[in-house]
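Before we start, here is the structure in question, set down as structure tokens.
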Amino acid sequence: MMRREIPLFITSVVGFIFVIRFFIPHEPFYSLEDVSSSWIQVIQAFAIWLGILNLLKVSLDKIYKKERGWGYSGVIIFSFLAISIAGFFFPLWEERPAGYSYLQHAREFLKPGTSFDWFYWYVYSPLSSTMFATLAFFIASASFRAFRARSFQATLLLLSGFVVMFGSVPVGNVLFGWLPAGWQVSDIADWVRNVPQVAGQRAIQIGIALGIISTSLRLILGLERAHLGREE
Amino acid sequence: MSQPNPSAPTLGPGFWEKFALLDRRIIFAFIFLGLALPLFYTIRQPIPVSPEGRAYYQSIENLPAGSKVLLSFDYDPPSSPELQPMAEATFKQLFTKNCKLVVIGLWPQGPQQAEQALATALRDPRFKDKKLEYGVNYANLGYMAGNEIVIQKMNADIISTFPSDYKGNATASLPIMRGVRNYKNFDFIINFSSGFVGTREWVQFCVDRSGAKMIAGNTAVQAPENYPYFRSGQLKGLLAGMKGAAEYETVAGQPGKGISFMGSQSVAHLVVILFVILGNIAYFVSRRKW
Amino acid sequence: MKVKTGVLGIGLILLLAAGAVGQWLLPPLEVGAKDAPNDAGKSLLVLWKLSPSDTKGDKAVEGYQILRARSAEGPFEPVGTAAKGDTLFTDHVPQNGTDYYYKVRALGPEGVFAESETSGPAQSKAQWFNTERVNALLAVVILVSSILYFVYKAQSGRELYIRKIAGLEEVDNAVGRATEMGKKIVFCPGRLDMDNVQTIAAVLILGRVAKLAAEYDTKLEVPNVYSMVMVSCREVVKEAFLKAGKPDAYREDDIHYITQDQFGYAAAVDGIMMRDKPAAVFYQGAFFAESLLFAETGNSIGAIQIAGTAQPAQLPFFVVACDYTLIGEELFAASAYLSKEPRLLGSLKGQDVGKVFTMAAISLGVLLATLQTLGLFPREWVAAFANLFLVR
Amino acid sequence: MPGMVSLTLAGFLTLGIMSFVYKDNPIYKFCESIFIGVSAGYYFVLIFYQSLLPQLTDKIGLTGALTDSALAYYRQSGSLASVQWFNLIAAVLGMMMLMRLLPKIGWISRWPLAFVIGSIAGLKLIGELQTNIMTQIQKSILPLWAPQYVDGSLSLAASIGQSLTNIVLVGGILTGVIYFFFSKEHKGVFGGAARVGIWFLMVTFGAAFGLTVMSRMSLLIARIDFLLRDWLHLLG
């Protein structure tokens, strides 16, 4: 019961509050929604911590069992500790503004020039940016390999992709400058993005919206239980 | 570029069959060069401005001087090449109009990106004698976990959603927040987003529930999803990716990184398009048995 | 007559002077206050008519300041400002059921202002129903009741027709091919936690894939991002193996946790693909930028790839690089189609009712709007019809 | 001007990650591990200062960042969320979430998860209906014949252009929705409409793909610009 019925009950009650609040502005629903939202902000903060602690647990496990590649797990733990120490303890080695308590000083951890800020701009930022930047290479090779006029549908996809690609960069208008004014490749790309593209997106989103609504409804009514797993 | 010449006598169908299985690292090399080489030259090319980009600029231009504007920074460093130039130019336009700016972030890295954009904008000599002051002309309320719940909660009360700013000051004590309760007290909302949580959620829980006016800057990946909202008027303007940034810089007359990187964009796009064409030729040639 | 003209003349001169000097400022007129409708109380609408000095292009009025007091005599305290040209301000008051009085000042340059008369008393209160949302309530009722009706119908054993979904037939072929080649199957249930609708659908689809894998004796690997999702996947796969009568073939370690980090996960899955060269790969659920990395790698090792996601931004990569892609709502439909759960099949029917209503509404609206531009239908009626769907 | 040491570190990390596109290698793995650790630590610190302090400990009164003006504000707005013991419940729910780390009582994390699921289900039920269905219906009501006037007189070319745009938009939406129709077989006229619907989806995906190329190139340009300009000073 504690494992299934209570969570189902919580989901239903909270779900109902958020639905009803949309139609009834009166108390107590106003405050109930307000309080629930505050709690969720805290729960979600802990949920992010949970993910981090999980990562640490898995890494420490690997080191402990000396699994293949455990050295990399050591690097993970080390860099985690380095930035955390910088974030929590920098007031120990940085000059504290007059009249500030330790915590007041620590709360300015994002201020330009702190150790934490240094980590952000010289370690975190280049690493995460480059990770994403490598996608530029892969999108090129994916286009080469997969963007082929195999069928009528694939050809449509290819053509609309071409038009938008040419329309996205200034060189498109230079290459196709002979097209009449108002029919420049950037104009055609604007039209493709704003008309057929919008029609397709709207159809997709209407479908997805209906799917989300019906799943949400099943969750609130307690008909959907897959997410809770089995009775243990 | 050492482009294979189809008319060369040594190149038969065998070549195209091999070409279809080209090592992807060769494509990678072309892309790298296509992006890097144009950086050494200044390439002047006219930037065509899309209707949604013009609308973005114009809707800020139409704000009454001194308007209160809420900006949400929902992106991280990987998306900053696309969104940071937009943010910087937007800050400049808003400061020129003497708007009062409140910044928040629903992505943890957002407020820090905002700080950097603010610093760049404030270095502009035009604002030197305006004496723009933290807490009076602008404020940064920092990050808050909770995704769409945060947007929804701000419909009721912004100050209790963000009790302190990113420096740890009580939000209620900032002069700029005097008289602010919820979205109704803001004249305009601007969202920079690169995914979830982002523009879709802002439209759903802020624009549609409070009637606020909003414009958005999106990464080019994200933008297609949000064009329907521009089309329907739920968004008053939309900038899509680096091209959007370049368009905005063009209309606002503030050339920045958006424009200067468009040369590399042009060449890289041509490289991709060329490889797709060659790939298709290879596909058709190797499909037809000679 | 003469006197009147004289007065008018003087008035005109004064007005002109006011405009010229910018010091003569007229106050806003007819200031009033009333309860703000459809809210939780504690807010009042302050309304006024523009100060006659507030004209377009003229700099005499820079904005308005709103002042509030507990009694008509004051003391009045400033509570906020409104822009030039505005005639409305929403004030948040400390208490419901208390009288408040308002004055509005037109603000001129250099601190000059002109103050209006005091408004009548107004009280705020909370409302029991938001009357602007009746249409949304109606829509919710229609949608919810049609979904519930079909769920009920399905649960009472009625057969519901669901059309074939391209790609789903291929699930069997993909598993079969993996068996023939003696290679494994990889199933990625997306990168969001169990609280996401797409992940729930993905786990249901995994049930079917696992059943086939168990029947064919093919190895199935499921790399996970969240521990909660991993637990759910394990239960679903275990059950499938039990049902196929092969509980011994089930290996818990094949369904494992990797990391919550986006590129950590992407690199790990890519690594599995490059090393083990699976014959079939499934991507079902919510994906982000890693979709391209996956699809590219899968394509390069020649695996059959079946994708499904409701992330519109990632659909293009899957469509381009995978053999079959479940687009948006098809992901939810697939989970119903494959699991044959009555509650899922029923709600899919209910969703179709929603689509019928949507299409009917758009078609009717478009018809009326077209008749209107042809001059056969009044404009106001078209606007009224469209506004039926406006939810504030 | 940032120091050369910092820039060199950033440059090394950038090259280390980029080496992956040539081949998976130990230097890439090393840099990736740093990335995983640093990003975990980054979130860890940030959540503490920017979510937990203001939303939890400040409100309970453990960390005294709330000045008098803030307290006055809460009293005036009468927000229940400022009542102290209410926030203690949030702390308890948060701790329950962390219990997932312990196999024996991990199931208790379902309680806070159920709380989040319920609220998002409630919000989404309404939000999706309002934003992605009702508003989209309202904004799709367009005349198929849209006369355009230039300087007061009917312009035939502009009218035909606008009308075509409206027809494509409405037609695309309707046929697209038909494609997503599951309780009827795609045959005959209905099947034809569904086929047109999938064409629209393909155009949509093509356009999105095209835009994404720009997005990804932007990221790489910025990294190359960093390497060549900020680090190596090869660019002016």
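As written, the chain order gives the labels A, B, C and D, with residue 1 at the start of each chain.
Criterion: contacts are C-beta pairs under 8 Å (C-beta built on N, C-alpha and C of every residue); 3 or more make two chains touch, one makes a residue touch a chain.
The model shown is predicted, which means the values in this text are computed figures rather than measured ones.
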**Complete:** Top of the farthest list for chain C, CA-centroid basis, is B
**Fill in**
chain B to chain D, mean C-alpha position gap in Å, rounds to 13
**Asked** What is the distance in Å between the mean C-alpha positions of chain B and chain C?
**Response** 21
**Prompt:** Taking each chain's centre as its mean C-alpha position, how far apart are chain A and chain B in Å?
**Reply:** 16
**Multi-partner residues of chain B (each touching 2 or more other chains)** = 24, 28, 31-32, 35, 78-81, 111, 142, 144-146, 149, 152, 156-157, 160, 166, 168, 181, 208, 220-221, 224-225, 228, 231, 240-241, 243, 265, 268-269, 272
**Asked** Tell me, which residues of chain D touch at least two other chains?
**Response** 20-21, 32, 35-36, 39-40, 42-43, 46-47, 51, 53, 55, 65, 77, 79, 81, 100, 109, 113, 116-117, 119-120, 123, 125-126, 128-133, 135-136, 138, 140, 170, 173, 177, 180, 201-202, 204-209, 211-214, 216-217, 219-220, 222
**Asked** On chain C, where are the residues touching two or more other chains?
**Response** 40, 92, 136, 140, 143, 194-195, 227, 259, 261, 263, 289, 300, 312-313, 315-317, 319-320, 327-329, 333, 348, 351, 354-355, 358, 391
**Prompt:** What graph shape do the protein chains here make by touch: line, ring, star, complete or other?
**Reply:** complete
**Fill in**
Listed in rising order, chain A residues that touch chain B in their complex are 30, 33-34, 37-38, 40-41, 44-45, 48, 104, 107-108, 110-112, 117, 120, 124-125, 128-129, 131-133, 136-137, 139-141, 143-145, 147-150, 158, 162, 165-166, 168-174, 184, 186-187, 190, 193-194, 197-198, 201-202, 205
**Request:** Spell out the residues on chain A that touch chain C in their complex, using ranges where they run on.
**Result:** 19, 22-27, 30, 47, 51-52, 54-55, 58, 131-132, 135, 138-139, 141-143, 145-147, 157, 201, 204-208, 210-218, 221, 223-224, 226-227, 229-230
**chain C-touching residues of chain B, taken from the complex the two chains share** = 24, 64, 66-67, 156, 179, 181, 184-185, 187, 195, 208, 211, 221-222, 224-225
**Fill in**
chain C partner, complex, touching residues on chain D are 20, 24, 32, 35-36, 39-40, 76-78, 100, 109, 113, 116-117, 120, 125-126, 129-130, 133-135, 137-138, 140-147, 170, 173-174, 177-178, 180-186, 201-202, 205-206, 208-209, 212
**Asked** Which of the residues in chain B come into contact with chain A in the complex?
**Response** 22, 24, 27-28, 30-32, 35, 45-48, 50-52, 76-81, 109, 111-112, 115, 119, 142, 144-147, 149-150, 152-153, 156-157, 160-161, 166-168, 220, 224-225, 227-228, 230-231, 240-241, 243, 262, 265-273, 275-276, 278-280, 283-284
